[in-house]
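As structure tokens, here come the structures.
Each of the two complexes below includes chain A, the first together with chain B, the second together with chain C.
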Partner chain A sequence: MKIERKSWTDPVLIGSVTPLAAVMLFFFVIPLVMTTVLTFQTTQYYRLAWTWDLTIWTEIFSKPHYWTIMLRTVSMALICVVLSVLIAYPCAYALATRLKTYSTQIQILIIFAFLTDAVLKTFGWILVLDNNGVLNWLLAKVGFPPETLNLLYTPTATMIGMLYNLAVYPMFTIYLSLMRIDRDLILASYDAGASRLRTFFEVTLPLSKPGLYSGAVLVFVLSLGAFLEPRVLGGGTSPMASELIRQSFETRVNWPLGAALTIVLIVIGALTLAAFGFFTLRRKATKGGAA
Partner chain B sequence: MPTPIIDAVDIVKDYGANRALHGVSLQVGAGEFVALVGPSGCGKTTLLKILAGFEDPTDGGLKIQGKDMRGVPAAARPTRMVFQKLALFPHKSVADNIGFPLKLQKVDAPTVKERVRAMLDLMHLKPEYLDRFPAQLSGGEQQRVALARALVSQPSVLLLDEPMSALDAKLKKSLQAELKKLHREIGTSFVLVTHDLEEAMMLADRICVMRGGNVVQIGTPTDIYYRPANMFVAGFIGETNFLPVDVARKGDAATVSSPLVEGQPTDMPADHISPDLTDKGPALLVRPETIRFVTGDPEPGLWVLNGMVDEFFIKGSSTQYRIRVSGLDAPLVMDLPGSIVLPAEVGQAVRVAFDPSRAFLLSE
Partner chain C sequence: MSDRFKGALVDTMLIGSIVLLLLFFYAPIATLVAFSFSSSRVLSLPMEGFSFEWYGELLAKPDFLPAVTNSAAVAAVSTVFATALGTAGAVAWIRYRFRLQRAFQVVTFAPLLFPQLLLGVVMLLWFSVLGNWLNFSTGLVTVIIGHIVYITPFALVIVAVQVFGFDDTLEDAARDAGANGWQVFREITLPLLWPGIFSAAIFAFLLSWGNFYVSYSLAGTARTLPIFVYSGIAVGSSPIYPALATLNLVPALLLVAFAEFMRRRALKRQSAAVPTA
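This part shows the complex of A and B:
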């Protein structure tokens, strides 16, 4: 039998790779390169000037204002990751272990809520969080003074909105992970003498880590780019990166600045994910390799 | 039997409207190897799960080491289970898997290490496997790790749920031999669930044959093979022949005759009659190795059947013939010692004979 030599000119190889390569090139690589190129230009009289210098980068690195917003974005994203995982895990666990009979119906309801337009849902939260909204009305009903909580147009409101829109991702990834755990492993742990709690920490939790991690990464990436919630519920008082970038492009018509801030955000996101990947992979490696 | 380790009395288990166990009783002695055998759905696995504490019986009593097990969770029972799919923790190393039960008992780390090493030696596993993960081991090695994990905390009963069903035939044979040796060495009581009666006969001291949530027969392998309670138990062992007969009973004695054969009515020896004999479809259990071809007049006392060779299989040490006999639903199976010259060809009319007094009288 002749062993086929795979070369770059092999038509089958080219044919099978081209579609994906084209999509990646036109919708990922080229936009990224264009964005990067843009950061080395400047704006003069609201027009782009092809100056090829570091004016924009000097500005970014000299103004702490930008970095405050970047820091706020990353910390909001990280808080959102932690809280959404804390919310999602028990829900997914209940769905996978306790509510098996109704799990399909519950999942359909969750998916309906998930598929409802995010703008609509986010504006819906205004009705709840407003000073004269549902939440304060309920609190007043149970005896609190009127307008106990002034949540609307605060970072807390932003966080509530983000959690509402994003927690469903880890809920499903964790649910899928939990469903894949062989019931016998849980029984084996009981059989070896472990309590329910011990079994959870020794078996269930470690084996649901893939879902936990992928859910966390999804929430992190999506909350870094959160745009709607800070604008609608945060009221623009403590903007996040996406709002800053929007302003640079639209209000200030400073495309090079917007492009540079975009690159900064992408780099911060990529570095955080790389650090996360590095630590989880290294921990695996010290535990003995392929598991 | 001295005080049994396991004493299960009239265990009933319902799953909704389905009754999986109809009042099963089973005693397992100290150091005994008992096999639960039956076709799928016979309740053997359910019974094992009840012993392990994964399922609660709907009714009936269960004592292990004299203690009532009602409401005692699996974690607190002196039993350990080897699962059908082994259920090794994929995220724990071999050492952590084996040491897990000890870690839960708060045994100090050096002792755990020492005992895990000792288990590794007992199971003929190499010490360098300690840091590997289950997925990096072969099927047979995983099997040994699962056994080691189950035995490391020295349980008084080891429960085995068809642990060898996924292995290839050759590996299975060698592990079966090891399991029997291991049982002899450590003296723990073993309860093995299997659908393979041959495996049960090889390994167990006593076999409990189950069907439809009931115990059909409990006995030694010899009992089960030579004195099966009924056709179900006898048919479970492997290929065999049932010849329908007419029975005339006088007290414990029985005289059998059959219109299908040439031969005299025969008195069956008392120990060749099943104690569970009923009027329902009495038959003679005729083992394939007890049937021979005959030419001319047979010796007196033998029963002769006329038939035609349907098919034959050369198995090396033996040759199997299937003889179609008019009046019998299934062809008669006979095993002859292997020989270079074939005694009969397909389609040939033949006469075969056996000694009815050496057969075994039973019913459906």
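This part shows the complex of A and C:
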């Protein structure tokens, strides 16, 4: 494919770039800046006061309550990353190597479930996980005592919901990088006498790392903002950061506090992304040096 | 253990993992559909009988139809904008090289890496401050803007895949045959990108239609369908929500079937156009 170098005086470039750039600048970049600015203000009698001080930040750093919840959020996110990759990898691998004939249909099924209204799906999980729900009913049918699992309104239920909503992302990133692997490399490995297992661990797995890592990072960043799952399925018993943010807006009407908590989460996510970027760039650099 | 047996075992496990995944993905959806036809008000098993009662009750809810209209309006408008902006952006991403391109790429991709709730909150703060200055409050318009920011990167990525596999010799041929820039775009570029644009539009519509987080942050007092459900289940569960979920599947199914039909037609056309392939 041909790549065209365009100058900013070219009307075609201006036409295709400026509308989108303007939307993102005005409704995404400026809001981010504004959120940061708001963390240096305070509220007085439920109204925003432009005080330009560090009140909110001292409050956040002096209350362990916030950090307990932040820590819980990060650990839930990490657990979610590990589990969703464990779920996603074999599925992506099966999709890329075994089920080629039905691959499109299966992908459509997965995307269809993914695009169904998240609130309704979460409500569906209540019906499945409830003590008198579908899961316990099925377990009772096969001989377990009634109400075997008490899952609803526990962190486990939250995790099930998060995996449900996020496992799709690593599935597709891993699938894409598996599809890009040159089949000849795998055949070469077989020719050299490597077993299937050895070929998988020494050729396929390393070559699918880009998809694995980007999927993992995506799940981590997105699960930092999980809100429906801890609230509806976790029953609010072990709130995550999103709940704090919601409270600071709705219950306490404290915008600067909500803004500061949002910034904390964004910084955690951004640092993860930056570490990921640094790591992959360095790997590329060392590989380039070796070649 | 023989190699053949091991191979068969691995195959079974891999295919089994996909089956389990689909079961996992469809467990809550199937449950909702099943319960929507229950005749009992209590949502527990075993189900007592079959009825369409809850569909009637759902339609009789005074705030249901306004929520549907709002969702449809929001989804339609955001789909048009997100698809158009995403398509233009995708071409600029892949085919052009220009100053500040890196910044353009970062800014247009970043919303994809944002948890939706935070995206909503960040925009809510901006609209609240702006609203204070210019005297407006959040509502459907701010929801649409929020959806455009959230959905355009998805549309961009989907169209970008199409742009990437684009055969530009056809454009050169058209230009050699004397077509001007606009004609090349209209007759060659757009039809070739059409499958990607089309999938992007469907994806955008469904993402907007089912979106909760961004709408919840930016809707003010207006209600879209997911907000209607959220505030409903916060009060207590009722069989009208399974009924709603089932109804909700119908337009999505139609859209997906339509998309699949278009994809097949495009494939057929391609193979007809290139007999050697």
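Just so we're on the same page, the second predicted complex is superposed on the first by the 252 of 291 C-alpha atoms of A that agree within 3 Å, B and C clash if a C-alpha of one lies under 4 Å from a C-alpha of the other, contacts with A are read in each partner's own complex, and residues count from 1 in each chain.
Heads up, the rule we're going with is that a contact is a pair of C-beta atoms (placed from the backbone, for glycine too) under 8 Å apart; a residue touches a chain by one contact, two chains touch by 3 or more.
Computed from a predicted model, the values in this text were never measured in an experiment.
Asker: Name the contact category of A:Met162: first (chain B only), second (chain C only), both, or neither.
Answerer: neither
Asker: In the superposed arrangement, which partner chain does A:Leu244 touch: chain B (first), chain C (second), both, or neither?
Answerer: So A:Leu244 meets neither chain B nor chain C here.
Asker: Applying the document's definition of touch, where does A:Ala118 land relative to chain B and chain C: first, second, both, or neither?
Answerer: second
Asker: Using the superposition described at the top, determine whether chain B or chain C touches more residues of chain A.
Answerer: Of chain B and chain C, C contacts more residues of chain A.
Asker: Contact-wise, after the overlay, does A:Val23 reach chain B, chain C, both or neither (first, second, both, neither)?
Answerer: second
Asker: Inside the complex, what are the residues of chain A that reach chain B?
Answerer: Listed in rising order, the residues are 182, 184-185, 187-195, 198, 202-203, 206-207, 287-291.
Asker: Using the touch definition from the top, list the residues of chain A that touch chain C in their complex.
Answerer: Going through chain A, the ones touching chain C are 1-8, 12-13, 15-17, 19-21, 23-25, 27-32, 34-35, 38, 48, 87, 90-91, 93-95, 97-99, 106, 108-128, 130, 132-134, 137, 164, 167, 171, 196, 218, 221-228, 232, 242, 245, 249, 255, 258-259, 262, 265-266, 269, 273.
Asker: Flag every residue of chain C that touches chain A in the complex, lowest number first.
Answerer: Going through chain C, the ones touching chain A are 7, 10-11, 13-15, 17-18, 21-22, 24-29, 31-32, 35, 43-46, 85-86, 88-89, 91-92, 94-99, 104, 107-108, 110-111, 113-119, 121-126, 128-129, 132, 145-146, 148-149, 152, 156, 164, 166, 168, 181, 203, 206-207, 209-210, 212-213, 225-226, 229-230, 233, 237, 241-242, 244-245, 248-249, 252-253, 256, 260.
Asker: Show which residues of chain B lie in contact with chain A when the two form their complex.
Answerer: Contact set of chain B toward chain A: 52-54, 73-76, 79-81, 83-85, 87-91, 93, 100-101, 104-105, 131-133, 135-136, 149, 153.
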